[in-house]
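One chain, subunit A, appears in both complexes that follow, with subunit B as partner in the first and subunit C in the second.
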Partner chain A sequence: MSGLMEYNGSAIVAMTGENCVGIAADTRHGIRQLQTVSCNRQKTFQVTDQCFVGLAGLATDVQTLSQLLNFRMKLFTLREERKMQPRMIGNMISSMLYEKRFGPWFTEPVVAGLDDNHKPFVCAFDFIGCLSTAEDFVVSGTTSEQLFGVCESFWRPGMNKDELFETLSQCLLSGVDRDCLAGWGGVVHVITPDEIITKKLKGRMD
Partner chain B sequence: MAVAAVDMSFMEDPSIFSKSRYHQDDEDNFNLADLRACEPQAFAMAPVANPKSFCLDIKKSGEAPKLMDFMKGTTTLGFVFQGGIIIAVDSRASMGSYIGSQTVKKVIEINDFLLGTIAGGAADGSFWERHLNRLCRMHELREKERISVAAASKLLANIFWQYRGQGLSCGTMVAGWDKKGPSLYMVDDQGDRHKGNVFSVGSGSTFAYGVLDTGYRFDLTVDEAVELGRRSIYHATHRDGASGGVARVYHVHEKGWTKVIAGEDVNKLHYMYAAEKNLKGDE
Partner chain C sequence: MVEVEEPQDYLDVFQSQRGGFSFENCKRNAYLAAQANIKPPTAMKSGTTICGIQLKDAVILAADTRATEGPMVADKNCEKLHYISKNVFCAGAGTAADLQHTCEMMESQMELLRMATGTEPRVCTVVRRLSSMLFKYQGYIGCALVLGGVDVTGPHLYQIYPHGSTDKLPFTTMGSGSLAAMAIMEAEYNENLSIEDGKKLVAKAIRAGIFNDLGSGGNVDVCVITKETGGAILRNYEKPNERKFKAQHAAFPKGTTPILKEEIMKLVSVEEDVVMRD
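Showing the complex of A and B:
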């Protein structure tokens, strides 16, 4: 089980701020643990205009699950003619993962979004769908232990979007510098009520 | 898959390891006891039923998870050319997927004219190469002549052969310039010893070979050779997850060795080489 979760390598972190939320991921595509194939694999996917899902773990399951999520979102919008809230998206992912309890998806997703009252929401799952919400930050991927340490030190409540961006970037870059399987660049999305700011990070390429 | 657990009962009474009240430390000023303690007959072994396979048994039985996971993952390379030998290494120590350090010294300066590199277990490599230093000095004192690279590498290979199968983990290269000119030997933990012109050892060696083999010619100038070594290490650190940190390049010549590049950040090299090709560097 753990071998498959480390086959590709990833680092995802999501943090809350004051009326804003951010999610950051590395962009390494590795195979057989140590070989690097490319430096621009997408691990964060936009599901609504105020919510992102980050998927860590086996790359093939990340791609399939992101496509499945996209399909379920569109079906929901067609049937119910309303936007899905981040908490709902979390519950939906939780059920999708538990559906495969005895033949699971090898991913550990992370949800980061703003609900209709502009309140930030982040949550993370294990690979069979246990949802755990947090008030401050969530991490996922092969670098999760390093990220826990660095986020615990740098997160503080009430950050605005610029401070959130800075904190997220520094936490991600410091965390992946201690992991062989993640890094090689990064991408950060900060979601505010007015806009979504996406920036690419220049990290260590070793 | 059940594996017989290793008998750890010797740990229950720690007093058997303590020195008795009447123990006297060796008064020998030459510390020969220290040197003799490196011989297999005198090297302290674990007091278990099968001391020789203790390390491998512990690893298999899973009783001490992570204890026997030595810091491996590296790229080291060396090649002979008209101006001597270039040795280039990275500086990352990785334990599985965790990066232990980005500033490790993987070239051991055995003496003023012999260099050794370490790949694999850092403790094994650095201890036995420092021991090799002592053996080389003893040879000099006895024979009134510098030891040849062939003999030095043979000494190291013989040591590894004696401990073969006991769990040492070390892939080294011994390089030097003696009466026969520049020589490069690759010695590994099973006692293999090969003389050659181009070697690369470590998890990133395949990536380094690609660049090294493309650019290698015997008649390179010293600057071109240093650049080739540096570039090969950079490419290996970019592709291999377990290599990284800084690139170090040494040059072995007739008068000994020189540290040409003490430590150049491979991240800086990445963007430098990308700029040369008019790329941004995030492809």
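Showing the complex of A and C:
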């Protein structure tokens, strides 16, 4: 067991629905397999009214990057007096990560948001800022292989906000069941044009 | 007299330091690696098949659409054909982040050049700038490119390696599937092909990569660049690997997942009347 990406453990998944988009993350903060420090770690961050960024990877970098992101978002709103669209947020994160190409942050972000036309947008990055967008779902973290599997069979086009929530939750919970580094509860945000629904999941605590 | 510099605003410092690579995490990362014997994580690669052919008055590029992270398929339908200018496009193999950002950088440089000179950029300009940059970074920027375009001097096709060496060729393949694709090219390339036949040939070469190389897969993207119309990417020109089934099971009924807490944040639009005063 080595690698900074696996040090704290995380599972993040974002999915699109019909005029809605959702992002789910586990809540474990651990030290490798040796210890679980907390089961209330924040891994998803709201950056605009209708956009969330999920940060998987090394906890110290997750927190630094979330603060850096917050700073850049505020700077943008002050300068431009407008809201950043999810696609722009994606490009900004991509540049922020690539700037550190040769001394990277150990984190793999995920962006999920609705744009001005209520069109869902999800994208994911590798740790040096390769942006990949998807029409269906994106995953990140130590559980990514398991999540790819479950999402591939459970995602369906045109889900409403309730179906999206259930699919996201079931995918996350099934995924983390097979990853000892992630789990210990989860949180799901579903973004719709007029509300943001946040639910804490009752997950396995082992 | 010694000039005392005015202490800069935090934002000015931030602004002045933007652009270029930042190495501020390097020491920390090296320390962490030494302390815990940690391997660097794997970046997204495109273990790719890309190819290009030069015809009488056109250049055609093609690529597969699989991106991998180690043995895992990270993206089934990624874009490996990049826009550089209206008349120059490139196909990339190697580290995905490097390819994306290098091509974006080249795109902006070429647009600035076009605006400054008022002329269409030449293919050799792009090649020179790319190879100088890649050589400067001594191969650490992992970009293997097939670059093609049509300019005032006609159609050109180049291949560029991560260390900065370049080749000018009538047909070329790169990436892990290059051998499979080259087999098709060597057998069937002919400089008198029509554009339609050219598209079929590159697609066949990419298909050879998709089916015979495990690092390549997904769909075939094609890009045709002609003098008259410039370049156009034909995204998913062929889809030889479409899913054969759709999800058959019913959706999870509402309330399947047990929850501990629910919070709903209502978004309301606030309209402000702004009155300008003197």
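Assume the second predicted complex is superposed on the first by the 201 of 206 C-alpha atoms of A that agree within 3 Å, B and C clash if a C-alpha of one lies under 4 Å from a C-alpha of the other, contacts with A are read in each partner's own complex, and residues count from 1 in each chain.
The rule is simple: a residue touches a chain if its C-beta (ideal position, glycine included) is under 8 Å from a C-beta of that chain, and two chains touch if they have at least 3 such contacts.
Note that this is a predicted model, so its numbers are computed, not measured.
Once the two complexes are overlaid through subunit A, subunit B and subunit C fit side by side, free of any clash as defined at the top of the document.
Within the superposed three-chain model, A:127 lies in touch with subunit C and out of touch with subunit B [touch as defined at top].
Of the two partner chains placed by the overlay, only subunit B lies in contact with A:180; subunit C stays clear of it. In the superposition on chain A, A:39 contacts subunit B only, with no contact to subunit C. Shared-chain residue A:202: touches subunit B and subunit C both.
One of subunit B and subunit C touches more residues of subunit A, and that partner is C. Of the two partner chains placed around the shared chain by superposition, neither subunit B nor subunit C is touched by A:92. After superposition on chain A, the vertex angle at the CA centre of subunit A, spanning the CA centres of subunit B and subunit C, is 110 degrees to the nearest 10. Judged by the touch definition given at the top, the superposed model places A:68 against neither subunit B nor subunit C.
Of all C-alpha pairs spanning subunit B and subunit C in the superposed arrangement, the closest lie 9 Å apart.
In the superposition on chain A, the residues of subunit A contacting both subunit B and subunit C are 185, 200, 202. Of all residues in subunit A, only 2-5, 49-50, 75, 94-95, 97-106, 126-132, 134, 144-145, 148, 153-156, 159, 162-163, 165-167, 169-170, 173, 185, 193-202 touch subunit C in the complex they form. Interface residues of subunit C facing subunit A in the complex, by the touch rule stated above, are 11, 20-29, 32, 36-39, 41, 43-44, 67, 69, 72, 74-75, 78, 95-98, 100-101, 140-141, 246-247, 251-254, 256-267.
Against subunit B, in their complex, subunit A makes its touches with residues 6, 9, 27, 30, 33-36, 38-40, 142, 177-181, 185, 200, 202, 204-206.
For subunit B in complex with subunit A, the touching residues are 73, 92, 94, 96-99, 102, 203, 237-245, 266-267, 270-271, 281-283.
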